[in-house]
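Look for chain A in each of the two complexes below; its partner is chain B in the first and chain C in the second.
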Partner chain A sequence: MGYKDLSPLVRRSIWPLLGLAVLLLANVLIAPEFFSVEIKDGRLYGSLIDVMNRAAPVALLAIGMTLVIATGGIDLSVGSVMAIAGAVSAGLIVSGVDNIALVVGGGLLAGVAAGFVNGFLVGYFGIQPIVATLILMVAGRGIAQLINSGQIVTFHHDAFEFLGVGYFFGLPFPIVLVVIAFVLVQLLMRRTALGMFVEGVGANASASHHIGINDKLIKLMVYCVSGLCAALAGMIAAADIGGSDANNAGLWLELDAILAVVIGGASLMGGRFSVFLSIIGALIIQTLTITIILSGVPPKFNLLIKAAAIVIILLLQSPEFHRQVARLKKKRGPKHAS
Partner chain B sequence: MTTDNTLLALRGVDKVFPGVKALNGVDFTLRKGEIHALLGENGAGKSTLIKVMTGVYRRDGGQIVLADDEISPANTGEAQNLGISTVYQEVNLLPNLSVAQNLYLGREPMRFGLIHWRKMNRDARELLAGYDLDIDVTAPLTTYSVAIQQLIAIARGVAMSAKVLILDEPTASLDADEVASLFNIMRELRDKGIGIVFVTHFLDQVYAVCDRITILRNGTLVGEYDAATLTQQQLVSHMLGKELEKAVHEKVDHAEEQNREKLLEVHSASSDVLQPLNVSVCAGQVVGLAGLLGSGRTELCRLVFGLDAVKEGEVKLSGNPIKFTNTRQAVLAGMGLCPEDRKRDGIFGPMSIRENMIMALQNKRGWWRYIPMKKQRELAEHYVKALRIATSDIEKPINQLSGGNQQKVILARWLASEPHLLLLDEPTRGIDVGAHAEIIQLIRKLCEDGLGLLVASSELEELVEFADKVVVMRDRRKVAEVSGSDISQQNIMQAIAGQ
Partner chain C sequence: MNKKLIGLAFASLLGASQVASALTVGFSQVGSESGWRTTFSESVKAEAEKRGIDLKFSDAQQKQENQIKAVRSFIAQGVDAIVIAPVVETGWRPVLMEARRARIPVVIVDRNVAVEDGRLYVTRIAPDFTDEGRKAANWLMGATDGDCDIVELQGTVGSSAAIGRMEGFNEVIGEHPEAKIIRSQTAEFTRAKGKEVMESILKAEGGGKQVCALWSHNDEMALGAIQAIKEAGLKPGEDILVVSVDAVDDMFPALAAGEVNATIEMSPHMGGPAFDVIESYLDGKRDFEKWMVMDGRIFTQENYQAEYEVRKSN
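After this line comes the complex of A and B, so read on.
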């Protein structure tokens, strides 16, 4: 049975999973203790746990970004929305709000509001997603700075900090949050018809409109989900350092999130999506970073090696690349025979 | 047969794809100064043969001889340099560039190492004058109709010293006048000694313009014929490999119509693009919509389906006045619309046949009540069998199917949503003869099952075949209504022409 006989789903999943496996294997070769997980005080420690923990913010962003990209859009504002949500939560804490539900709720509300603005511009005014979300990407940091009054706001709030540094059933809490977000989004998309409608809008917005699918509302919804995910990631980042830094929180993470989705095999033209594979993409990016550090290559090579590895993974997924390789093999074939 | 007249000869050409032999020892001979129709059902191997000639595919066996030299073009550019140009149904030019830029792309007139714009525009105007086109060559290509774009593509191909011009379904989106002027150009080019290969699904066009006909079936050559001696009946049976039986049915006449339940009533309703008109469809009746391209057929479908707002008058469905603000309401009310432009407004390209089929039903139920996967598969399997959709797997992306099968999937989409009234806008456009006949049979069958159908078509022959009543449109208004035994091509044509 050849590659061509595999179902499209398997074919799409195989490369991201293989990429991750190869990277993990490389880590074991470099550092044999990579896979070892210890339990100390009922908590899990180890490089694997560390990778997942650090990948959590990008994984959360990637979950939302997957849906946005599936509709044929893109959300450049998620890094800035992280900063806004962190600033709102920090602002609530320092102004004396102690109720954790209010603090977290405030952050999430800010994320939904940001997503609503994006989704409204894209869905109801037909502004190109890259432009519509670029507005908030730039303005968002400004908003976060305003909320923080231009300062880095530090705070101490045990319940809130639990989001970033807490442990739950032995696992770092950010990992748990990613799992919860994944399960919720997966249920919403695949146990209802929403996922199919999202793919339909991305595959052909005009055909969706002709059937009577509310393509505008679907677009509004995916940007809101993306805003929510970004807010959650932003609060994790703020809780992790015990402060809100409007200038640096989530800086450039939108690019990592888009990359994670692309590594997960989604087309930027919209259509098919897999939230699971996007999370694998986020793990690949984080594992790569760790691999480079562990391998002892001087830090100045980091970015180049990362770029090279990602080019390889993307090439492996590209149908055109497969065709070219097949052609090369074919050309060589008869020569060997004769 | 005089061999010295032969321009392009294919001998025993083979092309193998994994699992399929797409071409099996096909011969094809094109003479200087002839228009040669290449015919066959979808999947017969027409496109593959063309792609082998133009270097898109490499042949796996056989010979291609162009003016006594054996050639093996490796890509379309090389084929073009050898003198083989192709114009596709969907014009393969750059829509955002100007007409002149498109004409001279890659071979712009230069001066001092820079593009000589004035000369390029002047040359372009002169070139197009030879095609009776007097247009602004500096305007972007998209500002012109598909018909003009096609002529521009032909002009470009011929100007690049084409000896062989391949026209792949050039008339699929043209109206009658545009087709006529295209044919004039083709005849002029033929008289200049160019060999033209003409691929089309419209059989009457074959007889209007072609000298000889080559027919393929299942990747093999059926035969080469003179157009003058082959009857249309013979032609179709050669293409299908069997005799085509004509379905005859009882037409619902005017008196009968009064007794039936009225499904759709349009009472002097108008939209921004449609003059007020009256149309009614009753259960078990097929109402045809005739008229030229742009006469308002599509607009009427859009109005009824709620895609365009009703400005004045009223539309009633089963006696209840309706005012849809979105199409979902129309779907919920029991309507379905197969749009004219299947690719743009109909199919979800990368999604599976199954998903394409259940989409409308799912939207009717709402996003929350997801149809269980088992039920989805059953539905899809059922319609694949019932409509004889040629596919190995319901999970195959729909864009891998042929046009006729895609149309059947879209019909299945609406049938699955259990409508009372179906609006079909050009349901047989771009579909091969076999599927064409099947879709017409299907329309009659649905009608017998009690559905009301409003079917827009530019093929008079098929309107006569399936319609109980024909509404004729011209200039965005209704100009006539023909029903029962008065329906004939002659009567419809006269109404369209306004006589």
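After this line comes the complex of A and C, so read on.
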């Protein structure tokens, strides 16, 4: 059976998964103990676990970003929303709120509010998504700094810190959160008609409108989900270091999230999407980061190596690239035979 | 917002009428990107208030164009002197020429400006990054008899603080054949990256048992790395010595807990020396050193208590 006989879904999944596999194998060459996972004090401990744990914030962002991109939009504000949610939760803790539901709820509410603003601007005012969310990307970090009054706010709250450093059946809790978010979104999108509506709005918003899909509401909803995911990621980041750093929390992560979605094979023009492949995309990015740390190359080459690896992964996925390689092979083929 | 502005306007009017003869100094600050920077701004404001100086404070939000605008507006307002904490080193010549033409003395604090004509500013008051690196290395070599496998967390690649601290540190350990840096990676001066990078390095070094010390280019990364060391089941400060630079407030509880061994102070209190220079310049003094080094103290397990008390009371 040739590559062309594979179903489109398999064909789409094969390259990101292959990319991840190659990267993981490269790590074994660099650090032979890469795949070893031990149990230390009832916790799974090893580089593989680190990859998943550290990829969690970007994976969460990518889940929300996938839906936004599927509607043909983009959400540049997620990094700043992370900073806001972290600052809100930290602010609640230091002002003496002890109830974990209130602390987490406050952070999530901030995320939904941010998503609502984005979604309203895009859906109901018809502002270009890149502009609408750019507003909050810039202003959001300022809001977070305002909440923190320009300081890094440190706190100690065991229940909240569990979000970042806790373990659930031996697994770091951020991984569990990603799995929960993935399952929820997947059920919502694939067990109801919602997923089809989202793809419909992305493929052709006005056609969807004419067949009776409330395209504005769908857009509002995906930005709210994205805000919610970003808030969760922001709280994980704050809980992880026991502090809210408004300047650096989530800085540039919106770009990593978009990249994860693109590596996952989604089109930035909207339409078909796969939340699972976006998460694989996030894992690829994090594996790459950890590979660079383990390999011990001088830090000044970090970004260059990252960029080169990503270009290769994206080329591998490009149908046009496949065609050109196939054409080259054809040309060479007869010569080798003779 | 409007009420506040009106309030501010009134306050400055009142201020001006009360101390009509007082100095007016414009201060262009980089921004408020770190805890250290905020302390720096607050300290300058407090020092100005103590001396009865009317300080015009401008936050550039990490953008040089904002700083240049601020300096031009200081010139237009006819301030007595200008203090600049530059965002970047280059591009200062035109606006410094304007200040010189207006006969307003300029003092540079913290980062450097790259101008060839030394007459464009009175002096620069700043810490010596290379010396900070040397101090950290000297302490570590003393504590380990020069035999140590070191993990280095670098600051943002290409920043002058990272380059200088690395240079100074490497210069000293170069004299000790048994001391070497076994891993070096950037963690971009942030706590979250410090934790993430340290976590991976410890795994790459087989759990970190043979790592003797962590040398971090700033305290934030060190504080993150300490958490990673603890999560790997090791004791920071004992199993792995921790030495870094800045001496920010959060470092003192860590020193008290024995998780940090030494931190080199990078004093944010540059307001006092800057105003001293301005006052003596306006009194007619002209022969200033072009670089006045802010000497940082070193805080270790032996001497941190007194400073910790001072900071707690603030």
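Here is the rule we go by: the second predicted complex is superposed on the first by the 333 of 338 C-alpha atoms of A that agree within 3 Å, B and C clash if a C-alpha of one lies under 4 Å from a C-alpha of the other, contacts with A are read in each partner's own complex, and residues count from 1 in each chain.
Just so it is clear, a residue touches a chain if its C-beta (ideal position, glycine included) is under 8 Å from a C-beta of that chain, and two chains touch if they have at least 3 such contacts.
As the structure is a computational prediction, the values presented were derived from the model and not from experiment.
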{"item": "Combined model on chain A: chain C and chain B, fit or clash", "value": "fit"}
{"item": "Touched partner set for A:31, first chain B, second chain C, both or neither", "value": "second"}
{"item": "First, second, both or neither for A:7, with chain B first and chain C second", "value": "first"}
{"item": "First, second, both or neither for A:96, with chain B first and chain C second", "value": "neither"}
{"item": "Geometry of the superposed three-chain model: angle at chain A (Cα centres of chain B and chain C, steps of 10 degrees)", "value": "130"}
{"item": "Touching partner for A:42 - first (chain B), second (chain C), both, neither", "value": "neither"}
{"item": "Chain B versus chain C as contact partner of A:319, first or second or both or neither", "value": "neither"}
{"item": "CA minimum distance (chain B, chain C), superposed complexes, angstrom", "value": "34"}
{"item": "Complex interface listing, chain A residues touching chain B", "value": "4, 7-8, 191-194, 196-197, 199-200, 203-204, 206-214, 267, 271-272"}
{"item": "Residue numbers on chain C that touch chain A, as the complex places them", "value": "32-35, 38, 154, 157-158, 183-186, 188, 190-193, 195-197, 199-201, 203-204, 206, 220, 223-224, 227, 231, 233, 250"}
{"item": "Of chain A, residues touching chain C in the complex", "value": "31, 33, 40-41, 46-47, 50, 54, 145, 150-152, 154, 165, 237, 240-243, 245, 247-249, 290, 293-294, 296, 298-300, 302"}
{"item": "Contact footprint of chain A on chain B as seen in their complex", "value": "18, 307, 326-331, 337, 339, 344-351, 355, 359-360, 362-363, 365-371, 395, 397, 413"}
